[in-house]
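What follows is a single structure, and I will ask about it in a moment.
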Amino acid sequence: MDRIVIKKIEENITFESPPVLVCGLPGIGNVARLAVDYIVEKLKMSKIYDIYSTHLPAQVFVNSNGTAFLPKNSVYMKNISKKKSMIIFTGDFQGNTPEGQYEIGETILNIARENGVKTVYTLGGYGIGKLVENPRILGAVTNLKIRKKLESAGVIFSENEPGGGIIGSAGVIMGLAGEFYGMDAACIMGETSGYFTDPKAALAIIRTLSTLVGFRINLKEMEERSKNIEQLTEKMQGEMQERSQKDDLGYFV
Amino acid sequence: MDRIVIKKIEENITFESPPVLVCGLPGIGNVARLAVDYIVEKLKMSKIYDIYSTHLPAQVFVNSNGTAFLPKNSVYMKNISKKKSMIIFTGDFQGNTPEGQYEIGETILNIARENGVKTVYTLGGYGIGKLVENPRILGAVTNLKIRKKLESAGVIFSENEPGGGIIGSAGVIMGLAGEFYGMDAACIMGETSGYFTDPKAALAIIRTLSTLVGFRINLKEMEERSKNIEQLTEKMQGEMQERSQKDDLGYFV
Amino acid sequence: MDRIVIKKIEENITFESPPVLVCGLPGIGNVARLAVDYIVEKLKMSKIYDIYSTHLPAQVFVNSNGTAFLPKNSVYMKNISKKKSMIIFTGDFQGNTPEGQYEIGETILNIARENGVKTVYTLGGYGIGKLVENPRILGAVTNLKIRKKLESAGVIFSENEPGGGIIGSAGVIMGLAGEFYGMDAACIMGETSGYFTDPKAALAIIRTLSTLVGFRINLKEMEERSKNIEQLTEKMQGEMQERSQKDDLGYFV
Amino acid sequence: MDRIVIKKIEENITFESPPVLVCGLPGIGNVARLAVDYIVEKLKMSKIYDIYSTHLPAQVFVNSNGTAFLPKNSVYMKNISKKKSMIIFTGDFQGNTPEGQYEIGETILNIARENGVKTVYTLGGYGIGKLVENPRILGAVTNLKIRKKLESAGVIFSENEPGGGIIGSAGVIMGLAGEFYGMDAACIMGETSGYFTDPKAALAIIRTLSTLVGFRINLKEMEERSKNIEQLTEKMQGEMQERSQKDDLGYFV
């Protein structure tokens, strides 16, 4: 097997205009993948490629009906309107190694280039290690032109965030797109505790993305999932506060 | 050395009908390997290939007479009847890395395809972390047609088992067979504690497989090994119960 | 992507004489990188190549204005005078693996050979695990001819230092240069505690290098950074002494 | 750089008869390397190849005069008499990975085959985790013919030793020699505690090897080193005994 195998799912794809590429793979708070899975489902996007790789874990997943499938990355497309098309890149895992992440990144960017992509948004979670009430959307960009576009969509650029850079596929794909493909690329990160799968941050990401790309999407289900998490969060905060008040009263050392 | 080296052991192999492929490598409870080693021995199968690889550990094993040999994977065959043939794939180790497991998986599937294989059974242990009285045989499949066949042989499909998917060669070979070789593939897992080498689970696997593939095999020895383990298991359970009763009586904290 | 991608930054480079190569990558006390970054800046050297690689971590760094960039290694040049030219090799990371460090080492040495390099200085920190008042500059060489040159510039050769050899790129590039490129190579190590980024050791390295290569450089800023560290060091030593005196008085066990 | 680079040191080598190959790389108790280094020195063997590899650690070693060199493996030769020739393979490290150990193993075996080698001895330490008074020499072989030869030289074949097989280069080279090169191969292991560099086990190995290969060698220096270790061993044993006697008297719990 080649290290990367691209399987065409749909033969005749026509983009009515040069698409934007949106990348969302599993990562911090699973924010990116939650967001793109929701978009793919709600916009009924068409799957055009499956990408298998020896850079992905050696296993199968098993569905509830007992059918099993290899881990893969997948590419979806949709002509949103005559003037707007979108490609979404998602998958079960990021590459196992740095080399794998670079190679898979190049694979999706080659597909993007063939289809005329000029703009790339990679999605991610920005883990801050504590509960988040109103997740900010933070940005990083490959040039200042696209920064303006992001700012006008409410994306925040904060001087020291993210401090350590952007690790993994969201970083690599963005970096390669800017450095080697001449594309405008940005990473859009939803603030999250990082403690659990975070639909609230995913919801914020979807809202930002719908403005940036220009699609309409029914947010109801994600809003509900987000509310459930919010209630859970409040409950946890309440309990923690209670506990710390008790501590202050000296009941516990 | 190429990363994978195939050594032909027997020159003139004729399959009287398209064989099924059965794969059993070391893993949880050593269930899969115990099962296939027993079948190979009792059916006096012929070894047709040895597969050496830099994906396997760098060492030799030493026999009791002092002779040493490199770790390898091996392929055996048998024409069970005019209408039934079987290939068994087994070996000393799974590949060291995900990449190695994918590459070795492809190697055996190429051999299978050349010989007309249409159906693949990979074997495995399903570790549940506690002693098992009557090991169930759980299944996962690449399509629903083969699921029916397994169910009629008593294989159980349980909605959330195995929860985390099937890790390693049993998963990869099954997944590749379905996705890239157009074969019907299934993974057959014997329930086991996972604490020790488990002939009881292996026995259950062999029984299921003899129904599925259609071979007769003298089970006496494996039944004895299984009984020995059963007695050990009962003894352990007895001791554990006793100990916990003592605890209840307050003799020990 | 190839495992190593060389991007030409400046098209028409002319070396007025065969340059020396100076290599400074991140490592112990960040001494080497501090030194070369300072030299590149103060001598206003021209960047001639960026080197990207799947051997480097899969991430981007983010600038304070939100622009992001892939990690890379870079090559700078300067004609110091009619008779002296210099190439500097630096970067964000050393290769992730031994194989990566060898391959990146060869890449820079191939560039060096094409441009007529005959002499190579790799820089490093020599971590001694305690505070250093006057950092010595220790040397290692590929032949005794270059040892003399280093000694006359004040570099110390101490029989058992560095005891365990020189690990990483500074070692590999030096070794490859001598063994496979017929170059005179030396590693110049600034003594450092290894506890923090150490401008004092970097300053000592720069002074030695300016003698060896023959360039003049304004050291003021690095001297200031070095003084700050010195004050910090003295304060820490003072506190530690105080604490140990108290211990002697028996106040604490 | 290729993953393995062979550098010819001496141009015109003539073996007066087909040589035996002896392999001794660093490992348990450093027994193998101690033994071959001593033989190379005392027999004044000629170095014929240096082997560099990206499978070896990325570093240099530094001599006491400050000269540095890349880690490597080396091949030495000697015509012991008209009818006896020997090749010795040694080096600074074993390959970093299983793949590296296989590839380096093949490299030396290719050199061996080109020069007519029919018999291979790989050397190793057999670590037993306690002090050894009279180290046995244990053997493992690729066929029973060579087992006889070893037995007549005093090598012991013990049914369950080494229990877990022979890990690393000594195993791999022996296994490859037998399986792929049609050579008679044996591994000769000197019993050692494994706690320290063990000249006593190395001495025993050299004695066995001189019988097997048929060379005479001045053992005086190695005997002295061995005696020193013996005295150290006895002292340690004495101290340990004393301590345990005190324990029996109840002075200490």
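The letters A, B, C and D name the chains in turn, as written, and every chain counts its residues from 1.
The rule is short, and it goes like this: contacts are C-beta pairs under 8 Å (C-beta built on N, C-alpha and C of every residue); 3 or more make two chains touch, one makes a residue touch a chain.
Predicted, not measured: the structure shown is a model, and the values here were computed from it.
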Rotational angle, Cα trace of subunit A fitted to subunit B, multiple of 5°: 90
For the pair subunit B and subunit D, the C-alpha centroid-to-centroid distance in angstrom is 38
Distance between chain centroids, defined by C-alpha means - subunit A, subunit D (Å): 54
Work through the pairs of chains, note which ones touch, and then classify the graph as line, ring, star, complete or other. ring
So in the complex, which bits of subunit A are touching subunit B? 1, 3, 5, 7, 52, 54-62, 64-70, 96
Subunit D residues touching subunit B - in the complex, by the definition given at the top: 95, 98-99, 101-103, 105-106, 139-144, 147, 157, 159-160, 162, 165-169, 171-172, 174-176, 178-180, 187
